[in-house]
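Scrolling down, you'll hit the structures one after another.
Note that subunit A is present in both complexes that follow, paired respectively with subunit B and with subunit C.
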Partner chain A sequence: MNKVMSNKLVIALYVLPALLLVGVLIFIPLILSGYYGLMEWDGIGAMKFIGLENYSNAIRDLKFWDSAWHSLLLAIFSTLSLVIYLAISMILASKIKGSDLLRKIYLIPMLLSSVAIAQLWIKVFNPTNGMLNSILMSLGVDSPPAWLAEPKFVLFAIFVPILWQYAGFYILIYYAALKNIPGSLIEAARIDGASAFQIAYKIKLPLIMGVVKVTIVLAIVGSLKYFDLIYVMTGGGPNGASEVMASYMYKLAFASNDFGYGSAIGFLLLVITLIVTVIIRKLTATKEEIQY
Partner chain B sequence: MRNKKAITSLVAIFALLLFAAGCSGSDDESSASGSDDAKTIKFMHLWPEGSSKDHYEIVNEIIASFEEENPDVKVDLEVLSNEQYKDKLKVLSSSDQLPDVGMTWPAGFLEPYVDGNMFTPLNDILEDGLQDQFVSGTTEAYQVDGKTYGLPLELNIATVFYNKKIFEENNVEAPKTYEELKNVISTLKDNGVAPIALGNKDRWTGSLWYMYLADRIGGADVLNSAIDRSGSFEDPALTEAAAKVQELVDMGAFIKGFNGLADQEAKSMFMNGQAAMYLIATWDLPNYTTNEDVPQEFRDSVGYFNFPTVGGNGDMTSFVGGPGVGLFVSEDSEVKEEAKAFVKYFAEQWGEKSVTQAGVIPATKVNSEEVELPDLYLDVLNDLNSASNITLFADVQMSPDVAQVHLDQIQALFGGEVSPEEFTKKHEEALASEE
Partner chain C sequence: MGRLGYAFLYLCLGIIALFQVFPIVWLFLFSLKDNSEIFSGSPFALPTEFRWENYQKVWEGGIGVYFFNSVWITGLAIILTVLLASMATFAITRMNWKLNKFVLGLFMVGLMIPIHSALIPLFNMFLNVNLIDNPLSIVITYTAYNLPITMMILLGFYYTLPREIEEAAIIDGCSINRLFFRIILPMTAPVISTTVIINMIYNWNEFVFVNTFISSDEYKTLTVGIQNFIGQYMTDWGAIGATLIISIIPILLAFIFFSNKVVEGISSSAVKG
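Now for the complex of A and B:
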């Protein structure tokens, strides 16, 4: 086997199909969308080259920066929520009763499609017949807010299902990482008299730090390019109050028929995501690799 | 080593060839079928069997009888649902692969396709007497520079549907003036009934309210001339209409949280008797007449009234509405003559079939005395026959870019985020920047 894998020809042969697919489906469209961003184009007629005008318009476009701010807020909230998921998975991993069942329950939202989740939460948030407001009213709140209609609430109301949707995914990852820690280490710590909190904070956490870093990157990148729930639940409204970068891009390209500008926004989204990822990698980089 | 390199590159070339062959496969196929004896018209429509069964079946009936009369022509169907259809049409047009016959929306939607030389003018078949069969004002919506690029199939006007039972219980009557409307609203509100169902997440729904107020205050032309730039959007009538919208919002005329509700949700509130009035276009008529899935009791209790006059101004026979989808023929079609004959045949057959079998108000004239229809339909058809004006939906009239500004501003206006003056100013700026 080793002999086969050292043959460059074979390596090329194995890599080629995937490389072609990735190239054709990901990198070529990426370059193309950067290129379309240089055009004035309605997606149908002829393209007109206008240089960097779309990009300079985007940088001065307040609506774009609003949507970028909303995306960033989502990234911050998803990162903070990781702490909760970590705590939950620590509890689940410590052999409590019913942890198997709970783990499966947490995973259910991941099995639903985004559109189904959106429909479900639209019903929960319904201002007159919705579950949330019914509960609030029975608790004596006179006129609970119309969650998806009010600019000051809508963004946070949508964050709830988005975070809920991915909770199971992160819990599962942390759970698997925690289960990988050799029992002997925990046992040794316990014999030395470490408390449960100390074990969690000083032993478990450093040992799964690699996984935590990966999830931070996943959460942030996923948030920055987030689209589906927002598109279905509010369409970015009311009046842009829940617009994120991806939904703004979609609106420009497909509703305003401004493919050139939409492509430019899409390319900026890529650049912003890349920059943020690099920053996070830098911030979370550690020199020493912890080994068990 | 050299040998290996050669093999590697050979393999790479081979893979590329395979890939290229895969890409071109579909082209070969289509040209092969085109050169057959039987000519094939590719037809794409947006009424899937699942969601629009009646429409779907009428289309199939018409195709079947067309193929019978023209044995050397075959019609090849592709069916998509509304939003997918829009996206696919856009993608197909950018790669020059439009179907021979398809469906388009009027005005703002149509224009980029006409500019890109994608659709062919249909004036020659209209001049053959077909023009007279259309309700006046319908084919005009598909005109660009004097040429007509689509044959309209549907015609919808917006009216206020109301729940007669709720009105009776609260001792109110269908209003004829804005003052009466406000009285109805405050009475209903005092009695704990939500007056008006509105799903303004979709935004065009709120636009209907604004358009009617503008029409009644400033007359039929004020909005049209603001959009076609012979007038200004900062016309006092348009500002006043915006102020009236906010007056209605402030008095609690609309259901709670309307800016976050989809039209579908608002509709279900109206149909569950949770709201008394609902402004929507006549495409909803089947729900209030023939649709067996809706309880008979509710259907019996629905009536409609034309939008009231405002401050003594306005004409209650002027409507907001417009043709829905229409048929186009692709400019690059290889079977253009056959395709034209097909759309003509389709438009002729569609009228009576669609109104009796699917409850669509067609864009072609229907003799209301000859067809068996529910009363609500006959009333609407009669109203249409005596309509003094039909103002095309604003978001259809405007270019896509401006339409987005309009729709966002509608949401902001209803949400109280902008003043009426800012609202008209934003419109004026957007419209002016396109001149």
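Now for the complex of A and C:
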């Protein structure tokens, strides 16, 4: 038995195909990204080593900091929206009939591609014939704005489909966590005279704090990686008002052929993502997990 | 809480459900209208005449090709991913070797990385081996990037399989390949179906790899294809609506028939941002 189950050749045959794919297509490119960042390179010709110049340029590049700021804003919006999702989940997890069906309905936008979502919401936001402005005009608003063409509105407009897309996902996670709380605990609190709000805030929330922390990491790290939706909806425009880190990197490499600088930005995106993940984990770490 | 309170809660939940579904219903409605009807009528009105020819027009205008590409690329990548992930998970969880925890750790690190950081080097790698504008590059990229999440979903199930099954099989003289393919793999069917659904959603909806690695129309998948297509039909809303509906129908059908599996898969994919 043990001999058969420790056959080195079999182990290698079973693990290596997957390990090679992940190594060659995920890990090596990540390392290469940092390396290409040290080069001046148009993607076709020879690479020229220029040391840390791309990285020092990035630090002084206002467009890069703008894009990082927009990513951060989206991360803040996403984190705040968790409060809404949590409130909805609390309602759903109380004695609501049809909560199963409702959760599934809420999940539908999560199944669509970002491209389809982006195209659909371009139409919703269409200045003259879109759903939003049609409704606004029928309510008597004279000239509603062209949402995606206004630098001051565009990030908020983009955030609406993001809110729409992820609602079902977070509600699903919170709902599962809330259903795991033993009913006897809630019952005991009720008998002691706690109000519904007190039960939610003082009992349910602390008990699912572990899950809440995970979703905070997901929301923030996910926001730093946003690309598809913004690339399709606005291409980072108007005039860079909705540019995020990933779309700025993409533009540098595949539109301006500045592959060296693009790689440097890509590598910074990786470093920032990892640092932020570690920081949030540290900040939200508790000394002891709550037992019940 | 009183009956009025409950009525209020149901009202709130109902409004949210409407907000989640209505944009898609609106999309479906205008996919069956022509421009004059869309621009003059109410956005909530049913089409006066159902213009299914919008669908026929875009299907024959090129969407059919993209659809077919999405189907085979998604399918092939699913088979590869689930097979390779099952083999690796089997060797890591069931066989005895020293580095298994370390190798598992390597796979799990793959869950955290932002794909855009790897994009330029990947593009250059495929350029060097002549795989740019070749659908093979897409299939192997999808496989590699979905292996970590697929293994993560499989892991829990593999850890709970009873040792006795393996012992009995091997005492009976069963080879390890036979044990894996004939006994273990069929036993994991329930969790495999979850991973298939999750892989299907990811692959079907993926955009940036195809947009970067594929330039010929004949190899594009739906997500990238509809991008170009909509560029052509900029002003024909009915055609755009029909295109988008065609692109989301397969996933919606999968959801209608396997909603519990989808829910399960999406919850267990929570670690992937």
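By definition in this document, the second predicted complex is superposed on the first by the 270 of 292 C-alpha atoms of A that agree within 3 Å, B and C clash if a C-alpha of one lies under 4 Å from a C-alpha of the other, contacts with A are read in each partner's own complex, and residues count from 1 in each chain.
Quick note on the criterion: contacts are C-beta pairs under 8 Å (C-beta built on N, C-alpha and C of every residue); 3 or more make two chains touch, one makes a residue touch a chain.
Keep in mind the model is a prediction, meaning the values are calculated, not measured.
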item: Partners on subunit A (subunit B, subunit C) - clash or fit; value: clash
item: Partner chain(s) touched by A:Ser184 [first = subunit B, second = subunit C, both, neither]; value: neither
item: Partner chain in contact with A:Pro17 - subunit B first, subunit C second, else both or neither; value: both
item: Which superposed partner A:Lys8 touches (first subunit B, second subunit C, both, neither); value: both
item: Subunit B versus subunit C as contact partner of A:Phe254, first or second or both or neither; value: both
item: Subunit A residues touched - subunit C or subunit B, whichever exceeds; value: C
item: Which of subunit B and subunit C A:Gly43 touches, first, second, both or neither; value: both
item: Shared contact residues on subunit A - subunit B and subunit C; value: 8, 17, 24, 43, 128-129, 254
item: Interfacial residue positions of subunit C with respect to subunit A in the complex; value: 1, 9-10, 12-13, 16-17, 19-21, 23-24, 26-27, 30, 38-39, 42-43, 84-85, 87-88, 90-92, 94-97, 103, 106-107, 110, 112-125, 140-141, 143-145, 147-148, 151, 166-167, 170-171, 176-177, 180, 201, 204-208, 212, 222-224, 226-227, 230, 237, 240-241, 244, 247-248, 251-252, 255, 259, 262-263, 266-267, 270-271, 273
item: Subunit A to subunit B touching residues, read off their complex; value: 8-9, 12-13, 16-17, 20, 24, 42-46, 122, 125-129, 146-151, 154, 234-235, 237-240, 251, 254-258
item: Residues on subunit A engaged by subunit C in the complex (per definition of touch); value: 1-2, 4-8, 10-11, 14-15, 17-19, 21-30, 32-33, 36, 43, 88, 91-92, 94, 96, 102-116, 119-121, 123-124, 128-129, 131, 134-135, 138, 164, 167-169, 172-173, 176, 196, 214-215, 217-218, 221-222, 224-225, 227-228, 231-232, 246, 249-250, 253-254, 259, 262-263, 266-267, 269-270, 273-274, 277
item: Subunit B - residues contacting subunit A, complex; value: 4, 7-8, 11-12, 15, 19, 86-87, 90, 93-94, 112-113, 115-116, 118, 194, 200-203, 255-262, 265, 269, 274, 399-401, 403-404, 408-409, 411-412, 415, 417
